[in-house]
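Naming follows writing order (A, B, C, D, E and F), and every chain is counted from residue 1.
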Amino acid sequence: MGTLTIGCFASLVGSKSLDFTLKLANAAADKGHKVNLWLSGNATVMGKNHQKHLKDYSTGEKPTMELLKKGVEICECEACALARGIQKPDAIEGIQWNAMHWYLAKIYNSDRVLHVGGE
Amino acid sequence: MNLGVFINDYKSTVETVDRLKADKLGFIFVQNGVFHTTLKEHGKSSPLLDKTTNLYVLAEDIATRGLTEADVDKRVKVVTYSDVVDLIFNDYEKLAWL
Amino acid sequence: MSNVTCAFIIQRPPYKSETSTLGFTHAISWQVVEMLLDEGQNVVPTVCFVGEGVLNLYTNQKAMENYGVTSIESHGKNSLLVDLDMLVCKEDLERFGIPEDRLLDAEDMGADKKLQIVPYAEIQKAMESCKHLLFF
Amino acid sequence: MGTLTIGCFASLVGSKSLDFTLKLANAAADKGHKVNLWLSGNATVMGKNHQKHLKDYSTGEKPTMELLKKGVEICECEACALARGIQKPDAIEGIQWNAMHWYLAKIYNSDRVLHVGGE
Amino acid sequence: MNLGVFINDYKSTVETVDRLKADKLGFIFVQNGVFHTTLKEHGKSSPLLDKTTNLYVLAEDIATRGLTEADVDKRVKVVTYSDVVDLIFNDYEKLAWL
Amino acid sequence: MSNVTCAFIIQRPPYKSETSTLGFTHAISWQVVEMLLDEGQNVVPTVCFVGEGVLNLYTNQKAMENYGVTSIESHGKNSLLVDLDMLVCKEDLERFGIPEDRLLDAEDMGADKKLQIVPYAEIQKAMESCKHLLFF
């Protein structure tokens, strides 16, 4: 079993890149791999609690809770979240808040890194 | 190097993919990248399909767009998320998302 | 009776950014715009599909099954159901090799309207005859 | 003097399209034109209060307050906001919440429409 | 029709701009669209500059990117946000953002 | 001492999406990553600029003046200041006609490092010799 670290910048709603990331993380965790997930840029909006699941929109809260239960570590970029008006009490419980070096540190101990970057 | 490239767009503003060289190169078509495996623009299949023989396309992303396996170029293997995890750990030590 | 006409040009592929979905939902909202206007006033969009925008129109999209979101096909069907004119660029369908029978339809829902496959020149005319243009 | 309605889908942070929109609205209002602004998609994150202005990020709260003072009408798509976990009490005061027909109705009475759409 | 087109990217995945026809066509280059007015890729200026003589570029977006008026093609007029408002109301009844 | 090397490939233009800014800020954070690692461990990024990515490197960017945000130039200077290797594709600079003296520099801040203008082949080598690739 290996360690996969995924970084994602894409917004949850609108882009399907974050949906992809969550599904890939889930599939890897199900196979017994260790998965770390780093959310930065518009992806940090996914860490906001109380997302209303309207049928037209992807929602991150439920899949995120499932990933956390499976032992996936999820961390979001604090500055990116604050800049979007999301504050600590608004965060989904269990998601870590930290700065970018968290991502690099996870990369250190990873066998594979997939960086889902540009939009 | 063994390089697995996730192609997530049909038209892209970056030309990086044309320049990449690798001992073993794999293309995993996801999201709108799947159209590379199904469309024949002006009757021709995507030039990306000629760049390597290691070609994969994500089943869920085909179906989401109203496409079927029958639409996929014969050279491309249809895979699941679970298969993608295995490709990542078994076949490609480095990954790119383009 | 005085209508303002708009051409909505959908030119981007499905499920990447939210853009094409929003194009549909904004167009569909013409149904209720009268609420906010005076008697006899209305806003009438014509929805045009060009370039990669035509890739939104495949039938049999499984977005709900795979990603838990309303498919763009379903938005397309609703657009027909609320009597929007939907013009699809013939040249672009041909370029991508997409046959007409792969495109969505809302007959099962009882819609009178169908997708109208037209030469690009017709879409140009729609752009010329409308009051405002919105590119999605 | 005329009426300009601008619709914007672009996210505030990261894209400069919403910055452009706010500046254009401001310039038009300063010249005495009537301006309406419709925010949909990722642009609705701009309507969130308590955006922290870090130097690395655009901020929408201050320019928005100025536009409102100048009589610019601003409305955001309620569904798009809710899907992103933004609820009514989180909204910047003075920004309207409504559905997409608000935008079409404003278009009805506009001389010019600029739709800042795709990303 | 009189059509004012805001070009906001240098490379674009949509080809709509090549197809647009108008009695009076204006290009207003903003954001990364400004590179059309300053770069000479492979020594050639952007083909968009040949499509109409009504060419404008937003001063603030040039300066933001480290460019100056001296970098701008002579055919293009450098304008402010205030000028753009006047172009919108006086010259172009329909607008496009591409 | 055991370092993990990463190649950060910046390939998109400035000020459009947040992508290239985030590329810089993520690379700069290598400065403090030791805090979270054991003695002697580190992560060392090499930042490479290809395609439109080279357009991030102009000097004299007025982003703070015009939009109230830190310029990408300033991130570039900080990157040099924290001793990151920054490789710029020579062919792409030539293609766009950008002379070297228009590119940013952090000499005024006392940086030892400079942008390294190299043929694409060198960037390919950097990609081959690193452990992980991150495309921005």
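Rule of thumb we're sticking to: contacts are C-beta pairs under 8 Å (C-beta built on N, C-alpha and C of every residue); 3 or more make two chains touch, one makes a residue touch a chain.
What you see is a predicted model, and the numbers here were worked out from it, not measured in a lab.
Chemist: Mind listing the chains that sit against chain C and also against chain F?
Modeler: Where chain C and chain F share a partner, that partner set is A, B, D, E.
Chemist: Using the contact definition given at the top, which chains are in touch with both chain C and chain E?
Modeler: B, D
Chemist: What is the shortest path, in steps, from chain B to chain D when you may only step between chains that touch?
Modeler: 2
Chemist: Going by the average position of its CA atoms, which chain sits the greatest distance from chain C?
Modeler: Most distant chain from chain C: F.
Chemist: Report the inter-chain centroid distance for chain D and chain E in whole angstrom, where each centroid is the mean of the CA atoms.
Modeler: The computed centroid separation for chain D versus chain E comes out at 24 Å.
Chemist: Cα centroid separation between chain E and chain F, in whole Å?
Modeler: 29
Chemist: Of all the residues in chain D, which ones touch at least 2 other chains?
Modeler: Each of 13-14, 16, 41-42, 56-57, 59, 112-113, 115, 117-119 in chain D touches at least two other chains.
Chemist: Residue numbers in chain F touching 2 or more other chains?
Modeler: 11-12, 15-19, 25, 52, 67, 132-133, 135
Chemist: Please list all residues of chain B that touch 2 or more other chains.
Modeler: 9, 11, 13-14, 31, 60, 95, 97
Chemist: Check the chains against each other and report every pair that touches.
Modeler: Those chain pairs which touch are A-B, A-C, A-D, A-F, B-C, B-E, B-F, C-D, C-E, D-E, D-F, E-F.
Chemist: For a test of understanding, state which residues of chain A touch chain F in their complex under the given definition.
Modeler: For this pair, the touching residues of chain A are 7, 9, 40-42, 99-105, 107-108, 110, 112-113, 115, 117-119.
Chemist: Quick one: in the complex, what on chain B touches chain E?
Modeler: Listed in rising order, the residues are 9, 11-13.
Chemist: Per the contact definition, I'd like the list of chain B residues that touch chain A in the complex.
Modeler: By the definition above, chain B touches chain A via 6, 8, 14, 30-31, 60, 80-82, 84-86, 88-89, 92-93, 95, 97.
Chemist: Help me check something: in the complex, which residues belonging to chain C touch chain E?
Modeler: Residues in contact with chain E: 9, 11-12, 50-52, 120, 124, 127-128, 130-133, 135.
Chemist: Name, in rising order, each residue of chain A that touches chain C in their complex.
Modeler: 13-16, 19, 55-59, 119
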